[in-house]
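Below is one structure. I have some questions about it.
Here the chain labels run A, B and C in written order, and each chain numbers its own residues starting at 1.
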Amino acid sequence: MLTLDGVEITLGSFRLAAALSVPQGARVAVMGPSGAGKSTLIGAVAGFVPLSAGAIRWQGARIDALAPALRPLSILFQDNNLLPHLSVFDNVALGVDPNLRLSAAQKAAVGQALEETGLSGLEARKPAQLSGGQVSRAGLARVLLRARPMILLDEPFSALGPALKRQMLDLVARIADETGATVLMITHDPEDALRLCDQTIVVADGQASPPAPTGALLADPPPALKAYLG
Amino acid sequence: MTHPTFATGLLAACALAVPLMANAQTPQLRVLTYDSFIAEWGPGPQIESAFEATCGCDLVFEAAGDAAAMLARLMLEGARSDTDVVLGLDTNLTAAATEAGLIAPHGLTPQLDLPVAWDDPLFVPFDWSWFAFVYDTTRVATPPRSFADLIDSDLSVVIQDPRSSTPGLGLLMWVKAVYGDQAGAIWQGLAPRILTVTPGWSEAYGLFLEGEADMVLSYTTSPAYHIIAEGDETKAAALFDEGHYMQVEVGGIVAGTDQPELAAQFLAFMTSDAAQALIPETNWMYPAVTPEGGLAEGFAALPRPEVSILLPADEAQALRDPALAEWRDALAQ
Amino acid sequence: MRWRSEPLWLIGAAALVAAVLVVLNLGALGAVVWRAEGSASLSSADWSALRFTMVQAAVSALVSVALAIPVARALARRRFAGRGALVVLMGAPFILPVLVAVIGLLAVLGRNGIVNEALVWLGLPRFSIYGFHGVILAHVFFNLPLSVRLLLQGWARIPGEHLRLSSALGFGAVARWRHIEGPMLARVVPGALTVVFLICLTSFAVALTLGGGPRATTLELAIYQAFRFDFDLGRAALLAAVQAGVGLAALLALARFTLPEGASTGMDRVAPAPPGGLAKGLDALAIALAAAFLLAPLAMVVIKGLPAVVGLPAVVWWATLRSLVVAGLSVVLLAVFAAALTAASLTRKAPEALGMAALISSPLVIGTGLFVLANPWIDPARLALPVTALVNAAMALPFALRALVPAARRAEADFARLSAALGLSTAAHWRLVLWPRLRRPAGFALGLGAALSLGDLGVIVLFAQTGSETLPMQMHRLMGAYRSGDSAGAAVLLLALSLGAFVAVERLVGGRDADA
């Protein structure tokens, strides 16, 4: 279980408070108006945004003082998930060994992850030679390979078309099934939330609310979310 | 303090870059001179081997740009200096060295062949020449015979800056010695003739050889190089009726030397026939003592001015700043 | 926000480099002051030197950058065979030793130069290069290449979308200028102006030789005089401080703008077809005129000197070898300096500012100051070559940092989070993330450093002893011994070596096709 215990974040005049917990294996959407602090919340969990108060726990152990790489999670950003000068294989392999010194077994594991994400045969390509969908798959291959207990998604698929995006969400679901991971996903699209996430956190007015069932929330949204959804 | 750290770093760097000093048994004589003296084609290498053949010592030449840079280096080194002899100052610079107490008496009485009397207890001349405007006989049919002539001509000349070059300073003294209070007016008259002013002799002479100007401030002995080394007889010095200022290059014993006898021996050697015979065709100046074999034809045949001018060192020193101000005012308009 | 603690050794290395630079720039000045006796004040001649220095530097900067605009634009939007080689060759004047450049310029624009030959043949009056305009002309010759490079970067930074948008909306030349090129230039030009201004601030030999007399006295000449003829260290230090003050003021004024980056030959992405017709003709004209102005003097240097290269005396070849060793050492030092300061600059401003300090320091003061500093400890003559390499590295550092720091900051902004999320160690972060992004600017910076070091005649003169002559010094020596033929040969050697070193180092370090 992920617990945000009296968390407060202060960045200049911006403030965000969160007191909530996410059960293990849950798939939770993070929704809310632009600028409300969705990315800040995810960044705090991932270790890129400092807390001014409170604690973040995973399975009861504090993780908010850990370096990002040591936290029990993988994250995909909106862009720059791949290093443009490394091959697809190396980009995924970074997930096993950041120094790229891989044993035969590790290499096989990278190959396996690439195969499962439909990238077989593209190992040697540079990111610039991939389509948008393939770039997303490469990022997910690395998430699969790392098999951390949590997957954080900071809108990595927002530039993809609807069909492609659905494919990626399904891929995320498969990976989460396979690894038993908890998923936190920022999204603007209620359909995405409904497709992947049974629960949703609303971030608005300086507050991150505890997860609530997505269907009910979208059927009867609170005022801030209602204004946002239109 | 960062000095010691930095110096340690430098020490480490140079331990790698510089070979070890020669063995300590042979006494070493360090002679500071100007750059072109120690060039392969300059007098340095031959003088070194000739002196080492007789002195049982190791003669080490060090060069620091030109004569003025040499003096600056000597002053900067101060008491720390390892230099035993300074060679190549001219009489416009010696007063500063004397004032700073850098030079010890040489105690020598050389028999010199200079057009002027010489009895300086601190400095011994080793070569000399007259400053003059050099021209190309194929381009200038009737060279000027005086500053007045030059002012009235339509010739272009390149001179050197007296603030950065010894020939430039020599010309400043030449005009001042001849014209005194009228020097400013002469410079004003010369201004339209002066194509440009270069930082040093090399740039000026280069411009002249490229045909940028009709004449260049150099030495009456400059044509000897072209005659002897290149077989080219088209370069000549214009002789002025009012006389020519001299450049006398001298050597002196550095006051802090730990080899006073050897240093004096070297200065004596510089006026000996062995060294003097080398000077003309390596330094392209007149030797301070005419060698027994006489001068090479290219030198002997050079026309010589009738009047030689040389201000005493202290007078040159005193005149420099006011003369410089006149020069600047006249040319900066 | 930072997600990686800087390792102690890195902070230590940066601090050490910073200390060396402080000693080099401030310590040298301080040492000169310390050795000076009594106080000094500025004379009226010094004030007019200050005025002339600032005016010529300002005009040189304005003209260089103004002329660079059409040339950079033409080079940015046209593709033709040999474009890459032309860009490299046109950069040559910037890395050329002053003396060689002046010889070349005079062969074209001097009294007997080809331009005047042509004018006479046409029955027109001769053109004289001597005077204020000659100083400007020479400074433009040196700095036009740099300005073009800096502005090319600006054009390369225009997003492709904006270019496509301007085509889609049917922008004409005026609209394109107003909405796209103008705003870009407003950001890039102030930086280019300042850099050229700073370079011209310490000009000395060019200004005097072509300036036609003491009217063209710069502060650097006044410093030179104070050192050598007056041996007035107090005055020299005061003048150097005034000069540094002017430079600092210019740098501070610049701090409000973004400095352009001086990296890479740039720009090989797909852009919409450039306008044809008149615009095409004007672009061709701009490129042709710039090429003629910059390359003709180089060609004349080669034509004059080439026959003499074979017969050059052995000492010249030894000096060449020595110059190469010094340049090599200098490049290594530059790499260390630049790496340490770039690393330290990822999260701070001060290290970069410190690296820029060499731009406002007088080379003469640095040389003398080091001499004074070293003198109590060791015979300075023994340090000639290491000190030359050190000072050359410091002099090239501002250009290296301009190329490296922005690229490093961009790479950091793009990928630092990813690198932290994956747990890359500092070494892996540099090897896998930063270095691939910095390779090309590093190649450019170190190539420039090698070339600048080869052509430098600066500090070594005071330190030199037998057996430590570098090629520029040997060339100067040949010239000082009536041997203008051999000197011209040495100039060709120097030109070839500088250009060759630039290209070789840039290729070697930058790789042929680094980047994605």
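Criterion: a residue touches a chain if its C-beta (ideal position, glycine included) is under 8 Å from a C-beta of that chain, and two chains touch if they have at least 3 such contacts.
None of these values were measured; they are calculated from a predicted model.
> If you tally contacts for every chain pair, which pair is highest?
Chain pair with the maximum contact count: B-C.
> Comparing centres built from CA atoms, which chain ends up most distant from subunit A?
Following the centroid criterion, the farthest chain would be B.
> Return the distance between the CA-based centres of subunit A and subunit C, expressed in whole Å.
That pair's centroid distance is 47 Å.
> Just the number, please: Cα centre separation of subunit A and subunit B in whole Å.
80
> On a C-alpha centroid basis, what's the spacing between subunit B and subunit C, in Å?
34
> Considering the complex alone, what residue numbers of subunit B touch subunit C?
Per the touch definition, subunit B meets subunit C at residues 2-3, 5-7, 9-11, 13-14, 17-18, 35-36, 38-42, 44, 60-65, 68-69, 71-73, 75-78, 80, 82, 96, 100, 156, 161, 163-164, 169, 191, 194-203, 205-207, 209-213, 222, 225-226, 229, 284, 320, 325, 327-328, 331-332.
> For subunit A, which residues are in contact with subunit C within the complex?
Interface residues on the subunit A side: 46-50, 67-70, 74-75, 77, 80-81, 83-86, 94-95, 98-100, 126-128.
> Can you list the residues on subunit C that touch subunit A in the complex?
1, 3-4, 414-415, 417-425, 427-428, 432-433, 436-437, 514-516
> Once bound in the complex, which stretches of subunit C touch subunit B?
19-20, 22-23, 27, 35, 45, 48, 99, 102-103, 106-107, 110-112, 130, 204-205, 208-215, 217, 221-222, 224-225, 227-229, 231, 313-315, 368, 371-383, 385-387, 390, 461-462, 464-466, 473, 476-477, 479-484, 487
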